[in-house]
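Order of writing sets the chain letters: A, B, C and D. Residues in each chain are counted from 1.
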């Protein structure tokens, strides 16, 4: 034991049992089969899948940031409102003749600074993340409406519309952005020093501190990343809708948390993955897509998502206990 | 260390200030209201404040119980909506039956929340986020997404009824808070909720059935959501399956400003009452001043950060 | 009294935990009005024994008789119903509730209507606290009290009930002179009332002061039970330590090098007072003292966890002001904390990740993790410290205590720490792993590393250290060369001045 | 203490932001908006602010955060300031009905716009309801669509997909029924699918994308959405999917500038006007009432149909669009 080839062996031997122990993957496969059968094949058509991915790209992007925050044993309830604020800022600057680069940079900056602000309240002010980001949500919502007294902003320049509309090689740019943010998240969490810090801080803050990790910095950057993800999602939705809107569906925030939780990240922190979250978003997208294709009553949609959260989290925990 | 009298004094001092700050803030807010608008202290305005925010007030008392138990309940807003739908559906047949069924339903939801929590060991945030969606769906399906009519006029007029010039709901709030205070302070179950939230392991060692206490706390939260829903139904005079969205955050805000902690074992329902009144009055003042609706959320957000931040920083 | 029938008798008690046998056929008899002292090293099985006594643990085999009747206890409540109560070392109080409530947690005074009777509760709590002559208000919250005050509340809580058997698990660990005197007064009173008391302590001197009878546990076995008149301190220590030292420990003598760390008049407010010492390359410096003497605090100050208020710290010839553990790690320090689960390892992450934290702490990589290096280091070190596991991707929580400890140590080897601060590194580890650990320490100093070792197990400390510093009340009281000191001498300096005065007076 | 001072500070800061001081001689009108969460709503508020200034009245207003109970509470806050009249756009007819009683008690005239409440307009202080006839507008739009299909195919034949407003609102029901009333006379014109887009652009896009998935090219002739906002969303879906055959086949209701613009450039087939322009009528009604004149209890405002299928239509639409640009009419 204890040499790398053995380690690799042991990982390999796990692969066949992955299906048996990974409820998300099982659920994903079952959903694919059920959806395909029920929709008489429409579900599996490339354009339907593409549609689905485009529709859920903003939630997917938010969820990547949310994952990092939840891995840190926190939560970000301000993502939805942050999106509204960034959407307004970007659109406002764009239509007032600041071109495209500056609005985008400022938009991302607003997201990052907002995240840093939440993070500071949490680390320095010792305010629980739930309350801090709830307050932040309220502030962002107010600021978003203040910019133009709540008027939506129309008439964005054509270059700005690229992110939500154009395709590269037949794939929507917003899907590519989601994939990039997702890969960036996976990369950041699994390949960088920072990622190791996130797991350590989320798993055991004291121990992380005593191992020389700058706990506050890790947390601050986590919330900043969540804010940046919200900003990127805001840019995509602004572009897709061709307007700056002070009101972005607040439900998106719940869906981003749901993606993370269905994706198997533990609310206690320290356990979970960005790849799981991406799968979680895809599962939510599939369920909604299936319900839409089947013309199922939209009222039961949030109930079904709720039930799925309960089931997956319970299965995850049972799995964790038996291990 | 006991000879260190200054230390003891400091302790007494901090306890003293802990109890006095909230009432002081409350008085300060009232004074500001009086200074800013002559309308503030009018009977009509005080009445408006109470009847307009009573739903949050009732929810906040239940939320305090849940927070003391060390958990959270995000499903209460949906429960209010469901109650209004159940009320509007059943009240035309029998008002008593409707009230009974409504409260039964929400208490059952509370019990289901509690049982799921203790059986699945899910974090309460995630669990009640899920039940929030499920309960909302049930309300929407029952009401077919549309307002449900049929609340009897007599019942609808209760929200505005007064006894000797005092709104009925103000009296109801006083009774609810007194009962909750009494329950938490003087009953064994109430004290057990504190114990479980304070240190679940120690509570278990002293023979408290921790799971049962948590279920009981959720049942109480459900009961309060039911009462809040009854009032809400009377206030809006019909069943609104998509109503009362985000009411849970209002309740949490009131409890947290009142000093309840996310870590359990702490909190006084009397302080929640003050917390809830402070938020309601601040909102009222902002309205009377004609502060732009766009600025109001910013003000409320800052209020939360300042209130909670100052307290936690003082503690540490 | 000697002839009285036992209130509680434990026969042939055996308790196994997965992989460990905590108790082996232990017999114990408690009689009314007797103070029965229970001594033994850490991990000897004392805690397990009292948990079985109270019903918090079930026994694997054996039987327990209460007043001559066999009883099976399934929960602490069962024990309490029979009048068996314990005051645990880890305080099981409710931090956010008042003193009075904690005292009456189990048996709340009630009015005729079945409601909590606050006035009676507060009054009776006040009376009970008055017995201790302590100025604790029944209304204070537990979290606002000092640890000693909390301990007193825990004792008062146990006294508030009619107990037949009262178990005190190291009550003196956090008490100082006058408080301890009061405690002894109370014990005397209880003895008169015919309560059987089990008194666990590391301060052997107390055994002679208040004990009637003493039982020594070692490695889960009852070594001896003897009336106190027939026991001397030397015998007691011999029983506790048991085997010859060279069998139990492993030590290599290494030639000492330059001074690597020097503290001069180091003080941290309330935690460390005026500490001066030197540590040389290849040296194992032992820190002896009772729990609460300031040993852990000193280590944490050296590691940058606590900010030094005055005095100087020189590491490798450079005067250093450490602002955080980061700074200490950068200077080549590593710290293996006592509380492995909360401060040592990140339990929910893999062995590899835990070890790699050391590589990262060294700031070898700025941004990207270089996996081959990390894996190679982890595999090498895991093999080197002999972590037993299926794979390095295993979560640390699944490992045994000893292997968790090795993981934490491997982390510091990965960060190439030159000075290791070890706080009770062998606590709760089985004997086999301990020996491995000692050999390992020897190898470390052979490789020119230096170690500061904190251990409550005096024989261990004496066998491993080159030099021993004895601490009490946050100060260093005495320095010994390891081969010059005896346990009695060390203990004498470890017991705080005022306690020594009070005990010698009685 | 620090907390007290912090709260004080916040409140003082806020008081600076508030607008105070009305001229005493001008009438004070209060306006209660449902919510400021939709361009249509925001435009309605802006229109009222605009006309208040133009007609020389002072205005106080707030919004109900899209919640019946909160709107009711905030109406109370408005009435407390004893305005000379109240304009309300009610969230829901039954829930906001108590406002009529409050106005009766306070002697404050009430005008509802867009939607009515349960009470009969013209009774007590409820002086007038000013609305637009959704059913009629939807019916005329349906008629327009039928004629367009006839022009196109030589017969009354075609398939329509529909995207509804927020489910359950009275506007949705009326727009749903009115349109059907018109096309019911043509058995070969069918509505082959109907789903809710909840009134938002994003949702409109989503629903349209799903339609495009289910119905291949050639199977849809007309897309009918209940609002411009969702229609613009649907248009984006159509363009993104490259379904050029559906460009210029979209009919919607409301009359936003962005929608009229797409009519002018040919991407939109027709827009039925349900612009939230109630300010002029509402304030003029109040001023007339205050002057002692009779006012109509129910006033249904005129509407227009913007399209480019006939020379007159084109002329009218272009003129209107140019005027919107010239006067910078927001909506």
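General remarks:
Operating definition for what follows: a contact is a pair of C-beta atoms (placed from the backbone, for glycine too) under 8 Å apart; a residue touches a chain by one contact, two chains touch by 3 or more.
Please read these numbers as outputs of a predicted model, since none were measured by experiment.
For the pairs B-D and A-D, the larger set of C-beta contacts lies at B-D. A separation of 35 Å divides the Cα centre of chain B from that of chain D. Per-chain CA centroids place chain A at a distance of 34 Å from chain D. Centre-to-centre, using mean CA coordinates, chain C is 73 Å away from chain D.
Between chain A and chain C the centroid-to-centroid distance comes to 45 Å (mean Cα coordinates, whole Å). In chain D, the residues touching two or more other chains are 36, 167. Counting partner chains per residue, chain A has residues 145, 149-150 touching two or more of them.
The set of chain C residues that touch two or more partner chains is empty. Chain pairs that touch one another, listed by label: A-B, A-C, A-D, B-C, B-D. The part of chain B that touches chain C in the complex is made up of residues 1-2, 8, 11-12, 14-15, 185-188, 190-191, 194-195, 197-199, 201-203, 205-207, 261, 264-266. In the complex of the two chains, the chain A residues touching chain B come out as 75, 121, 125-128, 130-132, 134-139, 141-143, 145-146, 149-150, 250, 254, 257-258, 261, 267-268, 297, 299-307, 309-310, 313-314, 317. Within the complex, the chain D residues that touch chain A are 36-39, 42, 46, 167, 193, 195-196, 200-202, 205-207, 209-210, 213-214, 232-233, 236, 239-241, 257-258, 330. Within the complex formed with chain A, the chain B residues making contact are 72, 116, 120-123, 125-127, 129-138, 140-141, 144-145, 241, 246, 249, 252-253, 256, 262, 292-302, 304-305, 308-309, 312-313, 315-316.
Remark: chain C residues 56, 75-77, 80, 92-97, 101, 105-106, 108, 110, 114-116, 118, 134-137, 139-141, 144, 146, 148-149, 176 touch chain B in the complex.
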